[in-house]
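Listed next: structures, encoded as structure tokens.
In what comes next, subunit A is part of two complexes: it sits with subunit B in the first one and with subunit C in the second one.
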Partner chain A sequence: MATQHSRTSARIMVAPAVFVLLVWMLVPLCMTLYFSFADYRPLRATFDAWIGFDNYVSFLTSDSFLSSVGVTLQMVAGILCITIGGGVVLALLLDQPMFGQGIVRILVIAPFFVMPTVSALVWKNMFFNVDNGLFSYLWRFFGAQPYDFLSQAPLFSIIVIVAWQWLPFATLILLTAVQSLSSEQLEAAEMDGAPPLSRFWHIILPHLSRAITVVILIQTIFLLSIFAEIFVTTNGAFGTRTLTYLVYQRVLESQNIGLGSAGGIVAVILANVVAIFLMRIVGKNLDN
Partner chain B sequence: MARAISTPKKIMWTALAWGVGLLIFFPILWTFLTSFKTEATAISDPPVWFLFDWTTENYSDVLARSNYPLALMNSIIIAVGSTLLGIVIAVPAAWAMAFVPGKRTKDVLMWMLSTKMLPAVGVLYPLVLIAKYLNVYDSRIMLIVVLMLINLPIIVWMLYTYFREIPGEILEAARMDGASLGKEIIYVLTPMALPGIASTILLNIILAWNEAFWTILLTTVDAAPLTKFIASFSAPEGLFYAKLSAASIMAIAPIIVMGWFSQKQLVRGLTFGAVK
Partner chain C sequence: MGRITLDRVQKKFGDVEVIPPLDLIIEDGEFVVFVGPSGCGKSTLLRLIAGLEDVSGGEIRIDGRPATDLPPAKRGLAMVFQSYALYPHMSVRKNIAFPLKMAGMAQDEQDRRIAKAATALNLTDYLDRRPGQLSGGQRQRVAIGRAIVREPAAFLFDEPLSNLDAALRVGMRMEISELHKTLATTMIYVTHDQVEAMTMADKIVVLRAGHVEQVGSPLELYKTPRNTFVAGFIGSPKMNLLTGAAAAAHGAATIGIRPEHLDVVDSGGTFTGRVGVAEHLGSDTFFHVHVPEMAEPMTVRAGGEVGLTHGDTIHLTPRAAHIHRFDAQGLRIA
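Our next item is the complex of A and B:
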């Protein structure tokens, strides 16, 4: 089928994409790796090209590292719980017979297309603000003391903002999976007298398990590098400093390039652990 | 599902779904309403819903006073530019991998995907350094290249999954008829691949438009797109709800509309074909 000639031209056609990605991957990463072993603080004009693993030791043993990992885990776990739970419910809801299904779908997926800085600012000012936010109004309406979300529960507030953005993504993917469920199987179960809850538990949920896994993995990869939402709302203060944000602060704010680079390499390694699982699933799918 | 559904049940589901849908959409709706209020009405207690004097003043203010037009222009150039550059590089690659698959095609695809999973913060400083060294810090070209690179794996993957659906027999028939490789691409493949390419372009413009790590950290003013411009509103002193809303609506409206057209491609593009 494919001749030697077409194989050669195929290689030439793939080459540019491979080349630019190879450069993109290797050059900056090698530079980070190089800096991670150096004492490099431009503001103090310090540059010592080799200090061994000192940066790694001080980064990994610092309290800020441990707390940032804790914050990252809480944030990712919180967002995943909301989006997966809400996504399954919404997907099943959208699959029901109704009028104007297309419009409801459009309403539900809209948040995904809102740029992160806009959604963070809208939530921060128009909903969470103590004086003029809608929530404060709601609280006062019911006779309660307005609650300052971003300083009292900053982590929770950011989780709400990001979960709102990612809920549509989870819903859309789970809806695709729900719609591929054979209705015959469900009808058979219904005729056998299986109650709704057990139908959900024994037929629908197992069918969705693959889609849920994919949503978890893809979201985790994106959520590990949440940046703009934190940048706009708390700027990493009040216990919302994730690993990504900590590295950003070390590198660009305090200009401790060596320490920040070591942190960057740690972040790369942690992200790869998640990536390996995702790649296995995608790779399996490529075979069939 | 082809089951007979009683009308009351259908009405109940409709009410429930519309309620939930509106609740999720509410922040966008509220921003939209606020953008047409005066600053005083925007923070009135109790909040006003629809019955206020609608004004478009905020929109003209935002367009006239700040550097909003520049940010808008930057967003358009960067999003469209990075997507088209990506398409130019990705189409030949995806075509070759879909129609002349070799032993290593799968490995190459998986490797490309793996570059997408590199955390941006891991290469933050080298990029700032390279940008400053090449004198392209805070320039559109830098962001076009960087956003092209981070989205290239998605572009290749999407195109690959589309191209694979084109039946190979048609190409073989064209080859039998003596069509050269160039003719095969122009006359046979392109018409069949255009819908896939169009969806890929659409989804990637959306992704590039909303990218908010590199666009914030690699720009200051000149090349700052809307993501960065809006982020500058976060200082409490310069804050006006109605103007913030108007600026936000202008930044998100075109993309939300594009997004509605690309909802199906979204699933395909962001799950790399793992969910169909």
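Our next item is the complex of A and C:
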């Protein structure tokens, strides 16, 4: 893209894509922005096109807002911990030569292809169900009282479900990173007298740090908008109401489009703050 | 101390025997070079000694103690890899300190040893850099530094200079030889470059397909190669190996004449041929001579200013005392 000419033609070439993207994103965003300053409750037939920041004030000052931010953060952090911890372990295991490696790898990746709604339903009905769930059988097998995961530990249950879906993604990225580590480095560490745990800590983990930051960045952006899993399992009850879910409730359950839109804009701003913050960290990590 | 004994050491990868049972003694303080063509098992043999590969049979002893089943860290050997294998996320200082840290050495002793190694290897100014910010030669020195701070019983080098350019290679060759003189520690050095082998070694081990073809000092190998393989492998340019009538005249199946042992004469001479390529190096000139009876051109070393060019007729006489004779099996006839 060195010459003036090629730069101009490049711009013309990407213009359609940019245009579609802009329309796709800007129109809904502008409409949300517009509604967020309006008092719009279709069921009560109220529409007041400009009420200033009232929606924002009532959204931000309600108790449910702060608690939903807290829940969102807990959920994202929990899922990240499980997927990265588990992903590193799985990647190291999958890197070992073993029988049927190809099939095992495909099986490990499989959960990623299951739709969120489906996997949440499968977990809810086949694993967590108090009467028929596999865990209940397991508990009874050991003579314990079956545990009602979804009502006793709802947040944890959702974290487990979503972590199960995202584990393959983390594993896949970390596996490629593990495979790119030169075996001579590990052999050198072995000759230098480092036992396996030190080799993991001093050689493998630093090598993986870049891949780990990439996983954190990508997953955080997607995990901030978890919805289906909550909708299917707890419906936002028992302290599992994330910011996304709160917005949904305001718009559809309370039929308050103005308030919901204000919440949506707040969520967009918060997500961007998180994204910029993470980008900074990743950028720093990728530099050296 | 670093006396390494290999006793019937053997290595198989699956059904493929890469190293057939092999005996070798490496004396304390010796600079031993394993040399041989690519794929002959030099690296494998070195990795067996290091403990990075398990032997399929036989025994390895270091200073008389059995080491066959010891893990690499317990053998007291240090290795310098072809790719240097530095830890990219650690500074040079941390790289060099790593084996000391793993050994749980006190911090001030660590610092003392690092400073000493850095001075010896001219690395003092680079201690806080990352390996990625160093040149190839500097990385090589860091890898050597990481090896010497442990004060190992022996150093193992696997083609450490093959990633460097020619000028740097000559320089590093000197530095490693120098290091060997000062430390007087056993060094085992793998290369496929026979010039490195000749210039650095106290003892050369010539390998072919896992077999030891000959063990000896560089001059021994040069003067009395045990078979045609060693004769052709050691020396640059290669020895001329002649078969047929020329060899039969000396009562051998093959005779070998080094390029420097052929004299150019004005007329007569044992061989008469036509000059092909002439390589002028200034001090020397190497002629490739096409002799009608021979399949391969002969190589001749002449002085720097010989007035012969492509296509000229040349007469050659070998020096009788320097003709190597080999029998039908390729073994030297005394």
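We take it that the second predicted complex is superposed on the first by the 264 of 288 C-alpha atoms of A that agree within 3 Å, B and C clash if a C-alpha of one lies under 4 Å from a C-alpha of the other, contacts with A are read in each partner's own complex, and residues count from 1 in each chain.
FYI, contacts are C-beta pairs under 8 Å (C-beta built on N, C-alpha and C of every residue); 3 or more make two chains touch, one makes a residue touch a chain.
Keep in mind the model is a prediction, meaning the values are calculated, not measured.
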First (subunit B), second (subunit C), both or neither touched by A:His207: second
Contacts of A:Thr61 with subunit B and subunit C, given as first, second, both or neither: neither
Partner chain(s) touched by A:Ser198 [first = subunit B, second = subunit C, both, neither]: second
First, second, both or neither for A:Glu187, with subunit B first and subunit C second: both
Touching partner for A:Trp164 - first (subunit B), second (subunit C), both, neither: first
Subunit B and subunit C contact sites that coincide on subunit A, given as residue numbers: 187
Subunit C residues touching subunit A - in the complex, by the definition given at the top: 50, 52, 71-73, 77-79, 81-83, 85-90, 98-99, 102-103, 130, 146, 150
Of all residues in subunit A, those that touch subunit C in their complex: 182, 184-185, 187-195, 198, 202-203, 206-207, 209, 288
Footprint of subunit B on subunit A - complex, ascending: 1-2, 6-7, 9-11, 13-14, 16-18, 20-21, 24-25, 27-29, 31-32, 35, 90, 93-94, 96-101, 103-119, 121-127, 131-132, 134, 137, 140-141, 164, 167-169, 172-173, 176-177, 180, 183, 186-187, 210-211, 214, 218, 221, 224-225, 227-228, 231-233, 244, 247-248, 251-252, 257, 260-261, 264-265, 267-268, 271-272, 274-275, 278-279, 281-283, 285-286
Contacting residues of subunit B [partner subunit A, same complex]: 1-3, 5, 9-11, 13-14, 16-18, 20-22, 24-25, 27-28, 30-31, 34, 43, 45-47, 89-90, 92-93, 95-97, 99-100, 102, 106, 108-110, 112-130, 149, 152-153, 156, 172, 181, 206, 209-210, 212-213, 216-217, 226-228, 230-231, 233-234, 239, 241, 244-245, 248, 251-252, 255-256, 258-260, 263, 266-267, 270-276
